[in-house]
Structures are given as structure tokens and as C-alpha cells.
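The first chain written gets the first letter, and so on, giving A, B, C and D; residue counts start at 1 in each chain.
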Amino acid sequence: MTITMRAGSGPDELLHKVEVLSEQHLANCYQCGTCAATCPLAAQMDLLPDMLIRHLLFGLPGVLERRTLWVCVGCESCTDRCPRGIDVARIIEALRQIRLQDRGDELAVAQLPDAARELPPIALVASLRRHTG
Amino acid sequence: MQIAYYPGCTIKASARQHEGAALAVLRALGVELREMEEWNCCGVVHSLTSDNLIRHMAPVRVFARLREQGNNEVATLCDMCFNTLARANQLAHEHPEQIEAMSVTSGGELNYDGNSGVLHLLQILRDRVGWAKIRARVRRPLRGLTVYPYYGCKLLRPSEIGIDDPETPAVLRDLMQALGATVVEGSLQTQCCGAYHVVDREELVAGRVAATTAQARERGSEAIVLSCPLCHFNFDTLQPQASAPLPVFYYTQLMGLAFGLEPGELGLDAHHTDLLPLLEQHNLIRPKGGPA
Amino acid sequence: MELIDGYPESMRESIALVERTRPARLGVTFPAMSLEERKTLLTRFHPDYKANQKRALLFGPSKGMVVSHELADLFEARPLIRSSLDLTKIDTEVDLLVIGGGGAGTVAAIWAVKEGLDPNRVLVATKLRHGDSNSTMAQGGIQAADRPHDSPIHHYLDVMGGGHFTNRPELVRALVNDAPQIIQWHESLGVMYDKDAQGHFVENPGGGTSRNRMHSARDYTGLEIMRVLRDEARNLGIPVVEFSPAIELLCDERGHVAGAVLVNMETKRYHIIRAKATIITTGGLGRLHMQQFPTTNHYGATADGLVLAYRVGADLVDLEAIQYHPTGAAFPAQMAGLLITEKVRGLGAQPVNIHGDQFVFPLEPRDVEASAFIRECEEVGLGIETPYGMNGVWLDSPMVDILHGPGTIRSALPAMFRMYTRFGIDMTRDPILVFPTLHYQNGGIATDEHGATSVPGLYAAGEVMGGVHGKNRLMGNSLLDFNVFGRRAGIAAAEYARDHKPGRLTLAHVDAYEHMLRESGVETTRTAPRILPDYRGKEALERYLDIPL
Amino acid sequence: MTERVPLITMQLMGKPYSVPSGLTIMAAIEFAGYKLVRGAGCRGGFCGACPTLYRREGSHRMFTALACQTLVEDGMSLVQMPFVPLATKPYELAAITPRANTILSHFPEIAGCVACNTCTRACPQGLQVMDYIQAALRGDIKRVSLLSFDCISCGICSSRCPADIKHYAVGQLARRIYGRFITPAEPHLAERVSELEAGQFTSELTEMMHMSQAELRARYEQRSFEVVDDGGEHSATKRYNSPVDPVDFQDEIEG
């Protein structure tokens, strides 16, 4: 398998989009891993936040297909603790938005199970905001 | 003291007991929350990207209506509403051009300058009423009751919005201590409960709830006290089956008990996890069928 | 044309007079007429009493009945299909076919299902959309004698008197007897009737009623009932096929009705429906524009059901009398003929002439009230002329807010208020101009109290059915009528469908009808049913090419 | 017409037609030679069959109207939208328990409302559509019912909504729940129905059915009348001023 690495140089459309949407400069990341260590949901992620940033910088494929995008709930612990001042939650939000615009909703509202229909409005509103375009 | 009040949807749905208790407690403290005449959902989560203006319309509309109704400051009980409103307020203040863009696409309905104040009820209690006054109002101290304050995310983060230090928050601890309760704390107090994942990734929430309640129990807590209606729903309904669940209180309910208010006003029976045995055990309410 | 708050200067002068007389008129109502006075007025001024506007039917079971030329034209018209139409392939086989998707049809279908029919063995066919009907447009209310000081006896008397004692007594008994039960059913369906905090209905008077028994839902009463019924039918899973009018009934070899031929109006494909029982609920005939009157009726009110039923030999009744609603809008032109609910008068608005003087008791039965308006304009000459030539009398709507407090019109008559506002008139400040408008088909297909017609297998309910209102219907009895008789016909037809099986389908009655036409010497290219009126512009039609495309 | 009516030009689905001013959009379409099958119903503003989308010269906006209730304007470019697809799950009203999340559980998509107010701006009835969806979200069934009451189900709101909400279906469910479960039942009704079932009026009704016309006329003329407004407890008209009615036409009058 050949992987072409661009190491942050050269035009990378996804990286560019993410940087514009999130207003973050990903190259500022020095890969300390604080975000991953602090994330309460890291165990469920298939790509930890620091790795996700690295993958974007390297232009590695498949970032948009990662479960991480949807596991992140936006608690902003990473954002608050990043020693480089990177708002990691914004980066993931940008990826979600790109993905939703490309592929449509991540949550089938009409197919919600009956139990989910008994939830407080706050849960449904938040979920729809994060999972539908 | 009179403050305009934005309830938010969930306060009117699954968290009515929180509102009932809050209004009763505030009455006892001489504070009146006046509900906005017309309001809409705040959107619950603040959109974090730069070009998603439609998602900011809801909270900005709340402010536009607040102004129309002649107010410049708004209080809320819900952590998520607080967070969303405060951040939209900040956005409006820092990026008037974005508000202008929204207003243009909405027939000029959304004029707002970002200069309103947003207050969480805990800020009102701490900064306007003060712990001393609250302590003085206590009629039935929560002596012997050990609680674990849980903050979650939206009260504290991001730090420019949060109402307390995001790493070592104190507001719930100080409040509980003012009521006479014993407070135990732990690292998971400020970690997210999994929030809206309850819709379609329930196991994820259950895991967070299990870890947090285990820590609380380990530290000797008999109950969780919290503020956010979503955290409340998750803790109240998703604790592990293995052991008896920890009762989950809104701080307003414990304030009401300590103030000696009528338990009927505090919605103590509106919970999934039964609160009454613990309260009876500490003589905070009269047992059912017991002596009058 | 220069308008001042919606009215031209010429009309403003008269409005000033209305305003001047208003204080003296408050609390002083013009006296009601005696029966003798009513009769004289009716014979001289009611459009129905003009002999030259009518003719006798030449053939068929109701031969000799004198009906409007416009209606007679439909009976003396050729069918749209021939008896040779291929009936061997049946598209849909059902227990019950309901023709007409307005109030009566929907109620009938619901009750047939409640009576035990499988919803999938019921079919509602309708010409426009489900619910597009006069039912939806009914504004004022629905009568039911449900308060302690009222009774079905009072209601019975009011109905008989309003109908000039020509009504069929067994139908009136059914109407007044079932009324409270219908209201109770509506409550269980969630119809939002106007109520006070204790749940008491707001009940108002209507023309010709001796007790206040008009239940309303703002002035959207028909809309509210209809949309709830439609929602209920959808929830019950009753199939409705829209834009598919019946163009001919089907019989079996015994002459019993056994379904209908439907046409998809968009593709013109026909569908053969065989049904064990058939209910006609096609509504009224306002869109025939008798004597060129405007109408309050919906687009599809073209008397199709009468034509279909007559072709299979059903008896008709009371079609001599057409109801002209006294208060159709007369200004502005865009609103001409639209209904101004009787509730406006029920709430105290008085009709006055160009000088602002009263000339009639505001709540006479509709035919009497209408005749008084016509007399005031045509004989007395104190009507108000509009810039486009139509005459009318004032209905002093601002009195409603004066009598019941500011805001009453907006809350109790929002549809009226909204409609006038759209055309620049504020009816809380200015009176509105009205003139009689073609409103209701009093008579129709004759039935027993269970909706059964004289032809086995065929039922009828709602406006298309006749007899219950005699020669004149009172306000609030049409919404009641379609509920009472829709329900009864639905139940009776469901029972009939259980014990009867249709035989081989035939259109022999079409041949027989053509034969009667010829025998009576009618030579015409007219066809019926009419299905929809034609409002295309003259200029466009002058250059219309009828070519296949 | 006593005055000569000036002609104006409207664009119907992109084609210009010259029509007299002062016609409604519906009448103008018919004047132009169209025979409407869809897009016309009651022709009086009650049925919602004639929703119309249009643009005006000199505005970048899309406007909405009922064709039978709106005057055609010079330069108007319009299309009728006589059908808006609707798919809803059937429900049994009697089986519903009205709770704060009842509406939300039937229509979870209302949680997607972004409060953009497009529905309200599009509503040809001038209803506060967004506000009733918001009321539905927080379980205020009464408010949904009162705010949505004048809805004619034309579907324009639904066609314009970025969150694909079926506003008019939400209002319908709320109103039925409100009518059945939240407003108190009429206290006298059950009594009267049981009187009827017990046959209390049967003999008198039957007697009247067999009266001669003259006898019946005599009874009719002797009827007593209820006083129109006695101001008493059961006064019919005094309750018309409903303090809870939220319909506000201020904009329409002044605008």
C-alpha cells in the first residue's frame, strides 16, 4: 500500500475546508495528546482527536468516515485544556458539517425507536443539530 | 429583585420540577423571575463553525425578543440554554456582521447588538443573593446528608462563558455547604455525561453515568446534585441496574427542603429514581403515613 | 378607482349615515314578521318564486317537479359514457363505495368502518381533494339541543317552521334526536368547539331558532369539523381517491346499484368500481349559478350526485327550492358571493339601508331575510350601489364589538375579519356590504331516515339528500345534517353490504335514460354530470382549439 | 363594470399573460384560459387548495399567497403549488395520553426547528407558525391549538421549512388532543344524550310528527324565545371575548 504524505504542505482541500470552517490552524498542534487523554468518550473513538488532526495534516484518507466525528459530543474539555490553544471541538464540528453536507443526515428521524421518542426535547434537539444538516 | 426569565423547552417538559422548585426558592429569597412572553428553543448546542448562521438564528431570536419585550438581561435555569445563549450573545457582540447577515435573510427580524446579560440561576444565587443570605434562610439544614455535586460541561466550558473555574468549580459545593449538607467531590464531576447520545448511543451515556456514580458512591455520597436537565435525565434513568441507584436532585429541590418549603412544591415525586427514602432517612420529609 | 380604507367616496357617504344612526339603533331591533307577512314577501321577491326561471321535469321518477332551468338542463342532458363501455374488467371490488369526500362522505365512511366494515373494503372517491367541500366552508355553527332549557322538541319546531312545514317529519325527528349524540361524538374526536372554562359550549342564536343552540368553533366551524373528520378517516386507514369523480353509477341486472364508473380527471382513465353498497354524498349545486347569482359554494358544487341518482331512477324531493343566503359579500368585487356568516347577525349586527335605517328583523329565516334585502334594493330603492353596478345593503358589523366588547370580531369571526382585511376593509370600524348569494340545495335525493333511496343498494346523505330541511334550511342544520345522515347512511349501508352481493354489472340504465330523453323530445348535445364549472376567460376561449395533444 | 379596467401582465409559470387588474390570482389564471382542476377548491379562503408562490418585480424575495384571496399584480411571476406531500403515522386519539412530550414523540422532527421563522412569514393566514411549533416542542398543547386554530392546511409552511417539519399536521394532532383531553367536557351533554337514549322525548316527537300542518303551525307561532343576551350564567354571547385568544391581526390592519 502506498500512502502519499503531504505533511501539511501543498493544497489539501479537506484540510483547507476544515481550517476555514473551524477557524483553527491545525499545524499548531504539537501532538502532546492532552485532548485524547482528557476526552471522556475517547474509549469509543476509532481515531483519537490528536491523531485526527495528524491525519488531516497528512491528507490521509477516511477521516470523514470515522466514528469519532459522531462520538464527540462537544463537551469542550479538549478545547479548554489544549496547551496550544487549539479548539479541537471546532475541528470536529467542521468535519461533521462537511460530512453532513456531502452525505446527508446521520440520524433517521422517522426511524427513531419509540424509547427515543420519550426523551426530553433537549436531547432530541441537540442530537438533531449535531446529526442532521 | 426582578429578572426576565427564559425557561427553555425542557424546563417546561421533563424538568418542570426544577422550575417549580426554583421559583418557590426564589420567592423565599425575594427574587422574581418573569417569564418572557414569547420565546423559542435556543437550539441547545452552539454551532461551532464559522458559516452555519442558520443555527445561530434561534438564540439570536431569543435576544431580539427579549429586547422587544423591554429587557436587557435574562436568567435561565438550564445549563445548555445558558451556554447557547451566552455564546450567541458573545457572537453577536463580536461579529455584528453575522447578525446583520441573518437579519437580512429573515426579513429584518433579527436585530441584536450582543449587549444583553445572560445569567444562570446559580450565578444569581452566588453573586446577587449571596451565600450568607441563603444560609440565613435555611430552616431545616441538610445535616447528615452527603452529596456529590455534578457539574457536567455546559456550566463550565468554554472558560470564557463558564460560571466557575472549569477545573475546580466550587459553586455547587458552596451552595450545598450553605444548606448544611456534607459535600464529597471527585475528578468526574466536570466530565460530560454523554448528553444527547441518549438518543441513539445510549450505552455511551450509561458508561459515563456508571463511572461517575461509582466515584460518588466510593467517596461516600448518598446522592447526586446537579443543575442540567439533560444530565438529570441521564443520571436519573441510566444508572446501572446492579446496585440501588443514587437519588439525583436538582440543587433547587435541596434548597427548597432546607428552606422548609412544602415538599409538594418541589416535585420530589417526578423522578425516575425514588428520592423519598433518603429524605425520610434524614428526617427531611415526613414519612408517608407517619405522624403529622 | 380611489378607495378610502377600502371603500370609494360614493359608498363612504352612506357609511357616514350608518355611523350617525348607530347609537340610536343599539338595543332597538326591527320587529320580526308574522307568517303572513313572510309569505307575501317571499312570493314577491324570493328568486325561487319567479315562475319564468323554472320548468317542470319532463320524465323520470320526479316528472313534473318544477326546478330551475340550470338544474333541468342537467337532467335533460346526455350521459358522458355509453352503455357499451367495457365493464368486464373490474378495477376495484369493495363493500362500500362512497362518492364524495366532503363531510357526509367522510362521516359515512367512518361509521361504516365503526360498524364493522374492513377499511380496505371501503373506498371514498372524490372529485377534488378529500375535504374540499361546502362542509369546510360552513362558518357559523352546528345546532344541537343539548342545554337543559332547550330540547329536541324546540329544535323540531324550529326546523319545521323554517322549512315552511314541508319537511319530512321522520327525517327531522332523526336530525334533532341524533344532534346531541353527534356533538358528543365530535367532543370525543377532539373537535375544538368554543367553550368556557367549565366546558360549557358557547351557544348562540341563529335565524329562526327559538333557543341558543348554535355550537361554533370561531367562524371556522365547518373547517374544524371537516379537518378532524378527515384526520380520523386517515387514521382509520380508509382509502380516498382524489380527483376521481363518479360519472355514472353501475347497476346489476336487477337494477340495484352496484358501484360506479370513476374517472381520473388528470389522466382521463376510467375505473370500474363494483360495490355491495354505494352512498352518494356529492353535496350541492351552487356552481350552477341559478339566475346568474354568485355563490358561496366550493368549486365542485355542480349537482353531479343528483344526475347520477336520477339516471338509476331515484326519487327526488323539494328541488323547487334553492337557498339564497341573505349575506353574501357584495363588495369588493373579488369577494362577490362569498359567505358572510349568519353569526355576524347572531352577534348583533343589523342590516341597514343607504340611510342607515333598519328595514328587517336581523334573524328572520334565510329566505325571508334574503327577500327583504332584495326588496330593499329592487323595490324600495334604498340599496347601496357599488362602482361595478351590484347593489347591496349594509351589515353594520362594528355593532358586534360595541355590543360584546372590543376584540369580539377578531376572536369570534377571525375568518371574516381576515378576508375583509385582505381586501383593505376593517369590518370592526366600517360596515360591510351584503346581498343574497346562492347557498344551499334545500332538497335533493329522497331517502328514508337511514339514508336509503328508492333504489336498492343506493344511499344518500348530506346536501345532496333532500327532505329534511323542506323548502328552507336553518343555519346550523347543514353541518348537523351531514353528520346525522352521514352516520345513519354509513351504518345502514354497512349492514346492507353484509347481506347483499351485487350481480353482473350493467349500464342498461344509461340506455334507458337516453331513451327517455328521446321520448320526451329532448334533443341536445349537453352532457352531464357537469363536474366543474368553466370560468375560462371569453377572449381565451374565442381562440381555443380543441385538438389532440 | 362601469369603469374601464386597465390590463396588467403576469407571468404564469414563465409565460406572460395580459389580464385585467383587480382580479384575484385564481381569476386571472382562469381569464388567461386555464381550466383549473387542481389549485382551486372552495375559492373562498377556507380549504387551502390554491397555495401560490410568486415573485414581484423589485424584490429578491419569494412570496406566498392563496390564489383565491390575493389580487394579481403587474409583474408578478407565479406558480401554483396545489399539492404538498404529507406522510404521517396513523394514531388512535383515544389511546393517547397528553403529556409534555406527546407531540414531540409523534413528530420528533420538530426538534430540528431552527426558529428561522420562514413558516410564519410564508403563512397566508398570517399565523404565528414557528411559535406554535416551538410551543409543541415544549409540550404546550393548548398554545399550539390556539395559535394553529385558523390553519387551513395549505402546506406552504411545510414546503418552505428548512427542517422539513409538517407544521399543519402538528397543529392538527395538538388540536385534537386539546379538544378531547384538555378542555373540560360539556357537563350537560352526557345528561341529554342519556335522556335521548332513554326515549324521554320520543313520545312528544312522535306526537308532533303526526300533527296536522295547522296544529304544528299553531305550536310554532306560540314558541317562547330565549332572551338573546340575559347576562346570566348561561348567556350565550358574553363569552365571546375569550381572553386566551392569541390571534393578532394588528400587522394585517396596519401593514
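Please note the rule applied: a contact is a pair of C-beta atoms (placed from the backbone, for glycine too) under 8 Å apart; a residue touches a chain by one contact, two chains touch by 3 or more.
Nothing here was measured: the structure is a model prediction, and the numbers come from that model.
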Chain hops separating subunit C from subunit A, counting only touching neighbours: 2
Chain whose averaged C-alpha position falls nearest the assembly-wide average: D
Chain whose mean Cα position lies farthest from subunit C: A
Among all chain pairs, the one with the most C-beta contacts: C-D
Intercentroid distance (Cα basis), subunit D paired with subunit B, Å: 40
Chain centre separation (subunit B, subunit C; CA means) in Å: 57
For subunit C paired with subunit D, centre-to-centre distance based on mean C-alpha positions, whole Å: 19
Distance from subunit B to subunit A - Cα centre to Cα centre, in angstrom: 27
Where subunit A touches two or more other chains at once, by residue number: 112, 116, 119-121, 124-125, 127, 129
Of all residues in subunit B, the ones touching two or more other chains: 8-10, 13-14, 41, 43, 55
Per-residue multi-chain contacts in subunit D, two or more chains: 101, 104, 137-139
Every chain pair in contact, whichever chains are involved: A-B, A-D, B-D, C-D
Subunit A-touching residues of subunit D, taken from the complex the two chains share: 101, 104-106, 108-109, 111-112, 137-139
Interface residues, subunit A side, partner subunit D - complex: 109-110, 112, 114, 116-121, 124-125, 127-129, 132
List of subunit C residues in touch with subunit D within their complex: 1, 35, 128-129, 131-134, 136-137, 145-154, 156-158, 160-161, 165, 169-170, 172-173, 176-177, 180-181, 183-184, 187-205, 210-212, 217-218, 220, 222-224, 227-228, 231-232, 234-237, 243, 265-266, 296, 298-299, 333-334, 338-339, 347-348, 387-389, 403-405, 407-408, 410-412, 414-415, 417-419, 421-423, 426, 532, 534-537, 539-541, 544
Complex contacts: residues of subunit B adjacent to subunit D: 7-10, 12-14, 16, 38-41, 43, 54-55, 57-58, 61, 106-107, 109
Subunit D - residues contacting subunit B, complex: 61, 100-101, 104, 113-118, 121, 130-131, 134, 137-140, 162
